[in-house]
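Two complexes come next, and they have one chain in common, chain A, joined by chain B in the first and chain C in the second.
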Partner chain A sequence: MNYMPGTASLIEDIDKKHLVLLRDGRTLIGFLRSIDQFANLVLHQTVERIHVGKKYGDIPRGIFVVRGENVVLLGEIDLEKESDTPLQQVSIEEILEEQRVEQQTKLEAEKLKVQALKDRGLSIPRADTLDEY
Partner chain B sequence: MLHLWLLKTAQNHPLLVELKNGEAYNGHLVSCDNWMNINLREVICKSRDRDNFWLMPECYIRSSTIKYLRIPNEIIDTVKEEVAAKGRGRGGLQQKRQKGHGTGGAGRGGIPGTSRDQPERRPGREAGKQ
Partner chain C sequence: MDMAENDEFCAKYLILKGLNEMTPSYAIYESYFTAAYGGRVLSEVFQQPGVCICGTLHSVDQYLNIKLTDISVTDPEKYPHMLSVKNCFIRGSVVRYVQLPADEVDTQLLQDAARKEALQQKQ
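Let's look at the complex of A and B:
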């Protein structure tokens, strides 16, 4: 029952399984236990899911208290449809290895780009430091 | 149940704090305040790349720099016990005073649905009720 029609609220989402995307790119999946006006979240039985291509791996993480400003979005997971995915689950070691390889190729591509831009006299700040003011 | 209350219960327990810049602080929670600023002791600070480590007897972390905190699973059980204990205590008092309002903070219902996930059902306030 919405006390303020036309507003968004997380109240209905309590105790449901959610996928939370953080600003640093991490994906957390857990049961939403607590919220507040800043959308600070308490997640229970949380799992960090790492996606690389069509594969993913889950790392169990326990209880998370996430500061609201770091959340990009969150969405409820339909428990019945959850397993209905074209993605392939792999072991933690494998996905971490895949991630490492992916980061490496990204870094190398980034280096080339930065160098090319530098040669043309341009410099673009790194995305993760853009928010610092 | 709000996260601040959970943190207050987590005093003296080990925590992992990740800051917005990616640094990870592992330590025991000494105290926290209403803004989520925290004091840790016996802290290990790991740099973003997990390459460098620093050991500190204590540190203060301003809440605005925190990305998230990870707390041990046992906290949930501790919180449940605390709520039950509080509820029992308040319930006794209420009987004596025979106050009308049942909200008196007694037994906030604990952590909604800890043992019950979907399908959702919020457990009623077992403590403080007659």
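Let's look at the complex of A and C:
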């Protein structure tokens, strides 16, 4: 049943398990309970999943209310496909450690790049924030 | 160029416009999408990863949010999270571009509709 035929509605996705990608790079997995026209979401039994390489770790978070502007995408999780992923689940401490190491190497590479560009008189502005039109 | 086809397209597009009460300038893009329903599209997301998602266009709305079914990520090693996801909803504000197959859309029809829209706006 579609309230407005032809529109991309999230109504059919309610009460299903979803993966939400946020603008800051975080991945949340939870049951979608509520939506509105701004794509603000209410997620239930949410778990924050951190991916590093082939490993991932889940941190239970409870209930999340996500402001729509921070949502990149929302994907319905296929429960059968979820059970046969090639990824390996590890403990929270391990994945946080791996993430810290990854962030460190990224920061160092970034620093070198910025330095090299500065030496040539160029600078790239960081694209952290979106200009809402 | 078939007159009947043209009218049908314009009719569909106008009905959509009535339903959603969109601002005229965006209406034309939505009708562009509706013409491509069912076709495979590739959409790149603006944010930090810049992930490219390929999928079948299911629906679009006035904010140009897109719903894709049967998706595949073009670079699966960098974005492992999408492995168990088959359908997704992408918020319109984060889309950098959507690539539609050229043969799916009748540009002639679209141009005519756009011209009509521009005339209507002037009046």
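The criterion applied here is as follows: the second predicted complex is superposed on the first by the 128 of 133 C-alpha atoms of A that agree within 3 Å, B and C clash if a C-alpha of one lies under 4 Å from a C-alpha of the other, contacts with A are read in each partner's own complex, and residues count from 1 in each chain.
Note that in this section contacts are C-beta pairs under 8 Å (C-beta built on N, C-alpha and C of every residue); 3 or more make two chains touch, one makes a residue touch a chain.
Only a predicted model underlies this, so the values are computations on that prediction, with no experimental measurement involved.
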| item | value |
| --- | --- |
| Simultaneous placement of chain C and chain B on chain A, clash or fit | fit |
| Contacts of A:113 with chain B and chain C, given as first, second, both or neither | neither |
| Which of chain B and chain C A:44 touches, first, second, both or neither | first |
| First (chain B), second (chain C), both or neither touched by A:56 | second |
| In the superposition, chain B vs chain C on chain A residues touched | C |
| First, second, both or neither for A:100, with chain B first and chain C second | neither |
| First (chain B), second (chain C), both or neither touched by A:10 | second |
| Lowest inter-chain C-alpha distance for chain C and chain B in the superposed arrangement, angstrom | 14 |
| Where chain A meets both chain C and chain B, residue numbers | 24 |
| Parts of chain A lying in touch with chain B, wherever the complex brings them together | 14-17, 22, 24, 31, 33-34, 36, 40-42, 44, 61-67, 70, 79 |
| Footprint of chain C on chain A - complex, ascending | 4-10, 13, 19, 21, 23-25, 27, 39, 49, 51, 54, 56, 68-69, 71-78, 81-82, 85-87, 127, 130, 132 |
| Complex contact set, residues of chain C against chain A | 16, 19-20, 34, 45-49, 53, 58-62, 65-67, 71, 80-91, 93-94 |
| Parts of chain B lying in touch with chain A, wherever the complex brings them together | 1-3, 6-7, 20, 22, 36, 63, 66-73, 75-76, 111-114, 116-118, 120, 122 |
